[in-house]
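Going in written order, the chains are labelled A, B, C and D, and every chain counts its residues from 1.
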Amino acid sequence: MNSFGIVFRVTIFGESHGPAIGVIIDGCPPGIAVKTDDFIPDLKRRQSGSRGTTRRQEPDLPEILSGVFDGVTTGAPVALITKNSDKISSDYDEFKNIPRPGHADFVSNVKHSGFSDMRGSGHFSGRITWGLVAAGVLAKKINGSTDINAKLISAGGSADIEKAINDAIASNDTIGGIIECRIKKPSLAIGEPFFYSFESAVSHMIFSIPAIKGIEFGRGFAAAAMKGSEHNDPFINNNGKTATNNAGGINGGITNGNEIIFRIVVKPTSSTGVDQTTLNFKTSEMTTLRVKGRHDTCIALRMPVIVEAATAIAMADLILIDRGIHGER
Amino acid sequence: MNSFGIVFRVTIFGESHGPAIGVIIDGCPPGIAVKTDDFIPDLKRRQSGSRGTTRRQEPDLPEILSGVFDGVTTGAPVALITKNSDKISSDYDEFKNIPRPGHADFVSNVKHSGFSDMRGSGHFSGRITWGLVAAGVLAKKINGSTDINAKLISAGGSADIEKAINDAIASNDTIGGIIECRIKKPSLAIGEPFFYSFESAVSHMIFSIPAIKGIEFGRGFAAAAMKGSEHNDPFINNNGKTATNNAGGINGGITNGNEIIFRIVVKPTSSTGVDQTTLNFKTSEMTTLRVKGRHDTCIALRMPVIVEAATAIAMADLILIDRGIHGER
Amino acid sequence: MNSFGIVFRVTIFGESHGPAIGVIIDGCPPGIAVKTDDFIPDLKRRQSGSRGTTRRQEPDLPEILSGVFDGVTTGAPVALITKNSDKISSDYDEFKNIPRPGHADFVSNVKHSGFSDMRGSGHFSGRITWGLVAAGVLAKKINGSTDINAKLISAGGSADIEKAINDAIASNDTIGGIIECRIKKPSLAIGEPFFYSFESAVSHMIFSIPAIKGIEFGRGFAAAAMKGSEHNDPFINNNGKTATNNAGGINGGITNGNEIIFRIVVKPTSSTGVDQTTLNFKTSEMTTLRVKGRHDTCIALRMPVIVEAATAIAMADLILIDRGIHGER
Amino acid sequence: MNSFGIVFRVTIFGESHGPAIGVIIDGCPPGIAVKTDDFIPDLKRRQSGSRGTTRRQEPDLPEILSGVFDGVTTGAPVALITKNSDKISSDYDEFKNIPRPGHADFVSNVKHSGFSDMRGSGHFSGRITWGLVAAGVLAKKINGSTDINAKLISAGGSADIEKAINDAIASNDTIGGIIECRIKKPSLAIGEPFFYSFESAVSHMIFSIPAIKGIEFGRGFAAAAMKGSEHNDPFINNNGKTATNNAGGINGGITNGNEIIFRIVVKPTSSTGVDQTTLNFKTSEMTTLRVKGRHDTCIALRMPVIVEAATAIAMADLILIDRGIHGER
């Protein structure tokens, strides 16, 4: 089930150490100006390199294989790929016998009856999110003047992100983080009752991203401790602007035109440098696992652009569905 | 978009004050024993009546219109309906002019160009979850010996739920709550990479339920403050049992056979008895709104069975997809 | 897989001798005027009663359960049902042992592991097309001024339909027929490359109708004997009008604005009054089967309105998809 | 809508003169042995070169980008591409002004608001069927011992295919043809009521192939002139074998285990060498069009392998859906 979307459809493929990874974007309206360079800024944001992120270096430049001609989308599916170049597969040989805690090694092996490509986590690698980010660049264009902005607001439980990462590096361990996404000037009245609410579409996409363990909209979990009279957002003008925004811009699963706000939690990177005691499935005995390879201290650092892309894709689909059923607003 | 599921498909219809509400369950395997009485326990759990819930009384008995013959499913779609009987529509006449804060009145009117049936929140009513619960009864049977159990673990921010509700009733206000769902003996290796992870499927369904504002799996938001070496769950036997269960039974979007754990937050009921100052869209002036009608002090009280149903439906779909691609395990 | 459509979605349920049959129409734009009486003319056309059709009499009046309020669609799913009243189930008891040639008895039993409701062919009954016709009434409204017109152009191989039917009745046998569907003023440029061409969408729907064994567009099978220079339709004005219309109004899977023309073949009714020698699966011996019950001499007589409905549904979906991706034309 | 399939999903992309064309195959079971060479025989059959086919020469070798590791499918999506090398785009410059009769030039321009890539018919090119054939190779493996065999049975209305093609070449014109597909040892009981009948799935796929104008199953259009007592196929053994096979192996939309037979018609190639009088949309005057470029005298010659692939894909999806709902048979 490597496709998402009903009208605007994104299909992902590739493995960490295969020849190439990529994405197909179907249902993309014709006439959208796009060139290879447009993908660079978001792809760079996703890349490794900053302190606390993996030292794997990939140029990650996209090749446009189809769907774009003379600098605009044609209406045919847009195919984008990038070659995998910086691969060191020998790191991963033992993970069939000793599945890494927190990783998909065990489940992937069971699910695919031992036929999974385990090199670099294969299709379960965070590298596959390259396609999400690339598709997100087009999806953002469909969202027009809507501004989708995600940022890391805490790491390792602290708002002092730099210090938290330095501490984690010092202890050879990894940490998680919380990302907040704010969407200004969203399309009004997108989201479909019953089963394709705004939150359903966005959470479906967001939980496709590896390492995400929770999402909350508006006040989220804090809403449980509020009174209805506090949590309700009274309307103050005919555009639907509300005095407060505890709902995070959504009522009944449909955008009400106010800023959309949600937060997600990213678990600490599973590939920690600390030794772990876990099972050797071959010998059925416990063993000490030291994970080698190149990994992120805090994968959450690279997540904001992925979260934006996932959100933009879900919203693009909701926009095209809404326009199909209701016409231009 | 009133359908959910790829192989096991649930379609919801109906409005709060229309003649009937219902659900179609397609892709249901033949040969499952089911009779009208099987639906009663879960439908009763969903019903109003206990302290803190609405006084609207509906018998809510299901009529099986199709798909069941001689006490077993036939393989044809199962259609279930129930009549709406206890309707007092006069309560809702003014909500086009003065959309209720926290409700879908405003967005529904915009989205559907003023043609929405606003009586009792129409298709946005919590009443529509009757169909979810009914479909959930069948979905639970497809889940076999898996035990899906949701319960309210706090209300209004307090673990003393009864007191919290009494306080809310006393102040004529409403409160939210947090529900925890635990799934014992889940099917192993369900969940599809990339876009139909276990969390994607379940969160998609869960956010279809009105009033839900967040979901977290395993340690959820608390994971952000953990180290990787703490959060990782080491394996301890060949069935994939782990020493800890911080991941809540899921790795890489796929069930690892351990208990599945997630929590959701339910916002306080929007229909509070406290006066609210909000816009009259007709006069463009602020006004005081007093919401009449019969409503729940704490809608979260009725939610556990709905959460179980939503979860069972998502899991049934994942089970049938997995069996389709991989055969019997 | 009892649903069709990507944005405009039709879900069918029911069995010939169950309590009721019905249809859910989702993705239906709000604001379409519709009342119960609007369904009567097409439902009457589908009904039995004329010479050569079954004597089963059903009032077939629709109940609107949801999605319509104050005489217009609301944007919520439209649910329509009709009760089954004129049921004589004793006719069908023996068909598990002696599956009727030409019917679905054998395959239905195998597919559903013996759990099928065999009464009146159950979910495989032509009666289930009631829901198609009902949904078609709404779909035609979405098609606006487009005129979809199907008619029987031959029966039993003869253009003298009345005589062919009289002959068949006289021999206690059944006959098939050919139906031509012509669509005037179709929406321009509907049909989606690659996999949802106009012909793909329409044929998918048409072959859902029981008893249909072929479809051809424009010149159809006769095109094989034409030269390219004869078959090509030259353009003669800027609206895309062509001098000839061998393509039947479709180029590259997309409507070109000219009249759409296709023909389908309906096989002779399987329930013939003539004795048939076939296997008794219980005894594994050949036996003589005399099919009792009430059946159509020429089911094709009742088909035109079903073909129109199926076509209108497919076209409504294509229209809403096209508007979603491309905006209003 | 460049994807087909519910569980086994095929997504096509590319244009005739773009950098590459390709296909993604998702929902492919793991553990299927496949290597690049396995694709060569069917891709060769699709290729040009024989008398009466275009002189465009492409090596057409597939690159496997993902989903295959150590010579077997992994369960992750299989991505296959091939580079376009032999491109002469100057041939196609004028077709925006003078859309070629029989081609998609006019509709593609309208649908995509003038943004289509018109070079070599762009995404509407028959070249895009490369991906179908490649996906068909995998789909055939999923069909196991089932033998899907399509062949051209007539061209230009004659069973003497070679003579018909020689005559067409001599007159500088093009001809169509009829292809028959026979499927021996098909899976029993595949095809889903109501909307995903065997014929619905197969015709949906078949009409995705450019130039196809009709399909008929079993006796097809000839059935209209038969009596029910002639057309019905009596059963003769407990496996469902029938004495005759007028139904072409399908009852009620479900395979009955007998040989499946259907025929399709391919229109004459639209790019005829004969001059055509058609509209110049720029000048609004009629003009004489001489189509240059390299084209097939009889495109039907290359179609059998495409028809087999389309059929195998539809059947693979039906097989996986059936196994999901009903388990292993």
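Keep in mind that, in the parts below, contacts are C-beta pairs under 8 Å (C-beta built on N, C-alpha and C of every residue); 3 or more make two chains touch, one makes a residue touch a chain.
In this text the structure is predicted, and so the values were computed from the model without any measurement.
Undergrad: Taking A-B as the reference interface, identify its repeat among A-C, C-D or B-C, namely the pair sharing over half of the contact pairs by residue number.
TA: Matching more than half of the contact pairs of A-B: C-D.
Undergrad: Per the definition at the top, count C-beta pairs in contact and tell me whether A-D or C-D has more.
TA: C-D
Undergrad: Taking the mean of the CA coordinates per chain, how far is subunit A from subunit D in Å?
TA: 36
Undergrad: Roughly how far is subunit B from subunit D, centre to centre by C-alpha average, rounded to an integer in Å?
TA: Roughly 44 Å, centre to centre.
Undergrad: Calculate how many whole Å lie between the centre of subunit C and the centre of subunit D, each centre taken as the average of the chain's C-alpha atoms.
TA: Computed value for the inter-centroid distance: 25 Å.
Undergrad: For subunit B, what residues touch not just one other chain but two or more?
TA: 1-3, 6, 12, 27, 30, 75-76, 111-113, 123, 193, 321-322, 326
Undergrad: Residues of subunit C touching subunit A in their complex?
TA: Residues 6-7, 27-30, 75-76, 193, 320-328.
Undergrad: Any idea which subunit B residues touch subunit C in the complex?
TA: Spelled out, the residues of subunit B in touch with subunit C are 1-3, 9, 11-15, 18-22, 24, 26-27, 30-31, 63-67, 69, 72-79, 81, 111-113, 115-117, 119, 122-123.
Undergrad: For a test of understanding, state which residues of subunit B touch subunit A in their complex under the given definition.
TA: 1-4, 6, 10, 12, 99, 101-104, 106-108, 110-113, 123-124, 128, 154-158, 168, 171, 173-178, 188-189, 191-197, 199-201, 203-208, 210, 212-221, 223-238, 240, 242, 247-248, 251-256, 265-272, 274, 276-279, 281, 284, 286, 300, 321-322, 326
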